[in-house]
Amino acid sequence: MLKKRTSHYKKKLGLSPGSIVYTGDKETQGLFIESFDYNSEFVDKKVHANIEDVFHFKNTKSVSWININGLNHVDAIEKIGNHYNLHPLTLEDIVNTSHRPKIDDYTNYVFIVLKMIYYDKDEQVVTEQVSFILGDNYVISFQEAEGDVFDTVRNRISLAKGRIRTLGSDYLLYALIDAVTDHYFIVIETMGNKIEDLEDNLFTGYSQEEISVQIQNLKREILKVRRAIFPLREIISRIEKNENNFIQDKTIHYYRDIYDHVIQISENIEIYREMIWGLMDMYMTTISNKMNEVMKVLTVISTIFIPLTFMAGIYGMNFDYIPELHFRYSYFILWAIMIALFFSMLYYFKKKKWF
Amino acid sequence: MLKKRTSHYKKKLGLSPGSIVYTGDKETQGLFIESFDYNSEFVDKKVHANIEDVFHFKNTKSVSWININGLNHVDAIEKIGNHYNLHPLTLEDIVNTSHRPKIDDYTNYVFIVLKMIYYDKDEQVVTEQVSFILGDNYVISFQEAEGDVFDTVRNRISLAKGRIRTLGSDYLLYALIDAVTDHYFIVIETMGNKIEDLEDNLFTGYSQEEISVQIQNLKREILKVRRAIFPLREIISRIEKNENNFIQDKTIHYYRDIYDHVIQISENIEIYREMIWGLMDMYMTTISNKMNEVMKVLTVISTIFIPLTFMAGIYGMNFDYIPELHFRYSYFILWAIMIALFFSMLYYFKKKKWF
Amino acid sequence: MLKKRTSHYKKKLGLSPGSIVYTGDKETQGLFIESFDYNSEFVDKKVHANIEDVFHFKNTKSVSWININGLNHVDAIEKIGNHYNLHPLTLEDIVNTSHRPKIDDYTNYVFIVLKMIYYDKDEQVVTEQVSFILGDNYVISFQEAEGDVFDTVRNRISLAKGRIRTLGSDYLLYALIDAVTDHYFIVIETMGNKIEDLEDNLFTGYSQEEISVQIQNLKREILKVRRAIFPLREIISRIEKNENNFIQDKTIHYYRDIYDHVIQISENIEIYREMIWGLMDMYMTTISNKMNEVMKVLTVISTIFIPLTFMAGIYGMNFDYIPELHFRYSYFILWAIMIALFFSMLYYFKKKKWF
Amino acid sequence: MLKKRTSHYKKKLGLSPGSIVYTGDKETQGLFIESFDYNSEFVDKKVHANIEDVFHFKNTKSVSWININGLNHVDAIEKIGNHYNLHPLTLEDIVNTSHRPKIDDYTNYVFIVLKMIYYDKDEQVVTEQVSFILGDNYVISFQEAEGDVFDTVRNRISLAKGRIRTLGSDYLLYALIDAVTDHYFIVIETMGNKIEDLEDNLFTGYSQEEISVQIQNLKREILKVRRAIFPLREIISRIEKNENNFIQDKTIHYYRDIYDHVIQISENIEIYREMIWGLMDMYMTTISNKMNEVMKVLTVISTIFIPLTFMAGIYGMNFDYIPELHFRYSYFILWAIMIALFFSMLYYFKKKKWF
Amino acid sequence: MLKKRTSHYKKKLGLSPGSIVYTGDKETQGLFIESFDYNSEFVDKKVHANIEDVFHFKNTKSVSWININGLNHVDAIEKIGNHYNLHPLTLEDIVNTSHRPKIDDYTNYVFIVLKMIYYDKDEQVVTEQVSFILGDNYVISFQEAEGDVFDTVRNRISLAKGRIRTLGSDYLLYALIDAVTDHYFIVIETMGNKIEDLEDNLFTGYSQEEISVQIQNLKREILKVRRAIFPLREIISRIEKNENNFIQDKTIHYYRDIYDHVIQISENIEIYREMIWGLMDMYMTTISNKMNEVMKVLTVISTIFIPLTFMAGIYGMNFDYIPELHFRYSYFILWAIMIALFFSMLYYFKKKKWF
């Protein structure tokens, strides 16, 4: 009855640390490389065919954003890693698509792993890992597949909207992380709506099995999102503490704004958890109440008719000597007794508030 | 079965940080601007038509309180923000009506977001966000709609009641926050009364469905209030720590008084949570006890009459040779046996304490 | 169905901070003022009619204990507060009888709020607030009503028992707090006994409704006591840390002794909480077990007699052609079959351990 | 229905601090005093009749262990306390047999209270308090009654086994505490075995009432042991921190070894707690499953025979005109219908997996 | 009904600290000693017959890894311990196979205890203890039995794969610990799969008893793994803090990588715990739902046929005067009434959604 599964972890078992092994399942993903090089005066947006084309951005004074999709192309990732002096452990983490969100400070760069979260068309929560390298005047981002939450940042750079073009790579990184966290709110909001709908339909709308499946699904979704979001608190507060020189003082307020968001999202998640437990309890109560009602119907009917049936049984006996059988009004008297009994039991159950 | 909802968060998705987007739903609220300018000698209370009319308070030596209702008027808020040198992120937070309570220290002001909480006419908990800017000699407060908890502060300023007129903007801010927290006690007290009533009526007063709905509602209310109040601990203790120079030493004791209140309210909330879980358990027990009683009635009746009915059935059979049928006293003997059985079973159940 | 209640908090809503408003319900309590002035050589015990009579103790070199009962006499409290230079917020807290236990350090005194706890004649937990002002050479205590736990301290002062007469006001305060915490042990012990009794009677002694009411009452009592006792940990440890100069080094060991007590009491309360939850679970199990037993009785009886009744019904039919009806031993054979069936079902249920 | 109990706490109510009041119930225990005086060259083991006989050990340069059994002899304890300059609060705690484990640093000694724990003959957890005074070159231990866990230490001193004879009083104290904690492992192991047995017998071996009583007993035992052991973490880590000069650097590693033990024991206790809660849940599930099975038997039998009995009832009616009664094969056709119905219902329940 | 068990702890009771007592149960395990001596230029791999053969590695400048299997050979362990100057308490811990994972800093070495975890052939979680001594230029590892997770490290040393041959003993220790933690992922992944399978089969695949046994087993496995893994956080972070000089700065990043792994594993364990509790709740709900369904079947059948049977009973009575018996169409009219009743009750239950 057990499913066959391939283990991501067995691939890596016993390899030397820093071995660059792609652990995801998008093995046929093409390699996509784009770059934005800009300052307040110009912007240069390009798509590149070869990884070597983005090597020179290491030395441009303008701010450069290099975005690479396709973590299965480990050769390209190793090449850019070597050029930009990234630690082998950093490269290993970039292609390990199930890594926990984290921040690592190196002397020449800051390494950040995050999760983009969104609902797909089937209303399932999907997470995609994105890694950032923040250097002096560049940001490199790595994604598993195409499609991301950064289009608004691309626009703001292209159109010189907002203050992004006038500021450094630290603000660029902020803008990218902010785009990621802004989408968390959408996920959180959808989750809240799901809980509300479930509450509204607990008593009537859904079948019992549907409800317990939906509650369990919601619990699992919350665990998934919580796990992606919780490490962010520490990541942002470590950026805020500004231990490295890559973040300028005036950008700090922007990271603090993200911190506010993360706290608010975390709080919402905890509240949803409580509400789901409450729902579960309420649902159990509902089942018990329904059972109670079923039992009452059975008991009322049985308790009324079983004694009456017994009486009828008595006068269905074939004894030679049953005096009552021969009285003129026996049958009618018995009916009278039965009807009296029927109504007095009905009255008794009514008084007990059984129906 | 899902309701249509408009997403507050989609409005803001991908906007540049500091974009001033009103996220509430009171789009047609009028703009209301009032000011109090005072010191120990005079008080000047005015209502203004234009936002520019309150610009000069930035430089008056007297204490100035500017209160602005109508967060949908983002232009006015942007204008006053620019004049008073407020950070774009501050302005963004002011009009984001679902922000978490917080404190932000800037070099030229302190920014505080709080929630006013009260029960509306339908006994539903309502929260309204209020933001404060504390500058050197002014306080600006922002609210979404008219109606607030500050009338007592207005009176004390106008009538020179208490020490408010003799002290600075730090004491004014204290008085406003104190007015907000004083109302929390009313909410907390109402909640306590609701729990008490529910306890009193658990066994008799309410129907089963009413009870589980009321318990779930109380849980949700508590979550809502908790979320509004809990961040206050940190806010007040950060004010107390006096990291900025906006709070004078002699005002600290007043903020400590609010801190006491917030701790007491938080404690009450935790106690209510425990009591509601206790109620839930007690209610489940009640349901089980009732089911038990129903089952006993069914069992007593069935257990007594099913064997009797079987006996009657025996002598209703039409076999040619059933000797007992022809004995003179069979019928009466059978009755005797049945009555004996009836009372011995009754005695048995009585002894088992089933009724 | 809702009770009418008067709100304590509405009385204070919007008042200027430091407004001295009595929030209790003993409005007709008389004012009682007593004083003990002593050193190792003499003791002077007096009851005073006017609050002004205790003003001079502020300057006596001997240790003075002033005890005031009757918080409704706000004028007297304001007068003594003014004379002893107490902060308006201190006075407000003294007469706010539902204040949380706390400690406040002022430059000229230490202010402590505690709860005295005891069981009244109806075995209900009662709390009464007591506040202490610790000055250089005096302690002032404030209570809502007469009757307290300090008689043993009064005796020790009067009889020069123990070391109390040889030490300062810091030791006097210790002796008073110690008297309060000593009574906590009595409350805790009574609570433990109640839990033990409930455990002993869970299966037999009490009715089901009594049990769930008693469990809920115990939970409520524990919450009440916990709330009064928990803040004490911090209060005592702040006294221990000796931030102010009112506590001498050699008295510290005595406060540490109270700290031990408070920890032990807190631990007991946590243990009682766990035991009560355990009881609740055990009780639910008991109900389920009983239901199980009831169901088994019903099922055994029904399962045995329903098929037998069916058989009897078959031969009660009036078809013209039922061959068995006319055989000589049909009736006896049927009885044999029925008895066989009866005992084999009995054996089956016995083997299933249903009775 | 409430038991009469004597309150330990009422004995001490209102006494002056430092009053030496024995709170245990072994009032007739004899006084037993033994001493070990030793260094690497000699060992002198004695039993003494009078407390004054051990006074001179205060000044011997050799290491001295004085062990005193019988806390009811408060005079003797007061005498030795005075001679060794113990604080009155220390003496009070020594004879208070329900004290929480703790450590107190005095300038001339360290005072430690621990609990010895073991199972008695009835497999009940028993705790006995033991207090230690660690001075410069002596350790005094106080116990309520004879019988302890120190025989192995006595042996090691007598036989010069291990390094005990070559080291100071700090190592002696370690050896005594180690003997106490070594016994905790036995208790923990027994508890683990009890849980395992309960798990093995949950479905079959024990009656339902036995199981819930055993689970509740285990919970109570765990609470008891937890309370005795948890304070040890802090005690040992405060010894380790070596705030006083009574512990030499080279002994620290030994105390750290005890710390390891205490952590391991605490972890085990937490695991047992979780396992017992798991057991409780599993047991509830078992009851529900059994009820389900009982219900199914009842339903199968009733659902099959009630309609059949109805059919038989129909043809037992005495109407003058019931055409079927007079057909030749009615009876046999009815049997065929009944048998068909019987088997199709059986098939239906089989398909529903009800048996 | 209690099993006989031998106590590991009784063996050690009262022994002098540092007594080297093997507490495992592999008493007949042979002694196996292997060594790897290497630097970037050469590697020397040997298996030794006598413990004395590995004494000289203490002084080689090359890195040496000595691996010893067979903790029952306490003599050999004592000898190597004396030669390498290991503290008696370290030796005691090495052979105590149920020790908690920990780190101890000594002046001449670091001592680490870990647990290797893997599933055996029967899919049971197995743990084996492994201890490490990290000296200046050597690592000694101790295992209870042959078979371990270090083959990949052996390969990397032999084949000069990765950077291991160019670095010191601190990197060797890292590689060994990394091999241990890499296997934790496999265990965690298997556990996740088990939970997923259980979820998939909760409603249909497994019998009720199987499910509750599997849930309890999963809980126990999680507790076991949690206990092995949780102490690792502190161990690694204490290595990271680099309090001793045995870890070089450039190796720190590698230990931080293990730290990431440990956090991720711990998080997964917590998530699994929550999911299992969720499963338990869902399972309880399933049982209740099934009971509900059973009850409904019983109630529908009984409620329909009991009144009908009563009617048939009425006309089976033998009274002399029952007028209806003699009407021509009574029988057919009764059938009509019964069928009408039958369908109206069916309709009623349908409307109540009972089937």
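We call the chains A, B, C, D and E, going by the order they appear; numbering starts again at 1 in every chain.
Convention: a contact is a pair of C-beta atoms (placed from the backbone, for glycine too) under 8 Å apart; a residue touches a chain by one contact, two chains touch by 3 or more.
The structure displayed is predicted, hence computed values, not measured ones.
*Asks:* Note whether the interface between chain C and chain D is symmetric in residue numbering, meaning over half of all numbers used appear on both sides, and answer same or different.
*Replies:* different
*Asks:* Determine the centre-to-centre distance between chain B and chain C, using the mean Cα coordinates as centres, and give it in whole Å.
*Replies:* So the centroids are 26 Å from each other.
*Asks:* For chain B and chain E, let me know how many angstrom lie between their CA-based centres, rounded off.
*Replies:* About 42 Å separates the centre of chain B from that of chain E.
*Asks:* Residues of chain D that touch two or more other chains: which are they?
*Replies:* Chain D, residues with two or more chain partners: 284, 288, 291, 295, 298, 302, 306, 309, 313, 316-318, 322.
*Asks:* Think of each chain as a node with edges to the chains it touches; is that a line, ring, star, complete or other?
*Replies:* ring
*Asks:* Chain sequence round the ring, chain C first and chain D second?
*Replies:* Moving from chain C on to chain D and continuing, the chains are C, D, E, A, B.
*Asks:* Quick check: in the complex, which residue numbers of chain D touch chain C?
*Replies:* 1-3, 5, 7-10, 12-19, 87, 89, 92-93, 99-100, 102, 104, 208-209, 212, 215-216, 219-220, 223, 227, 280, 283-284, 287-288, 290-291, 294-295, 297-298, 301-302, 305-306, 308-309, 312-313, 315-318, 322, 324-326, 328-331, 334
*Asks:* Which chain A residues qualify as touching chain B in the complex?
*Replies:* 151-153, 155-156, 161-164, 174-175, 178-179, 182-183, 185-186, 189, 193, 196-197, 199-201, 203, 205, 253-254, 256-257, 260, 263-264, 267, 271, 274-275, 278-279, 281-282, 284-286, 288-289, 291-292, 295-296, 298-299, 302-303, 306-307, 309-310, 313-314, 316-322, 354
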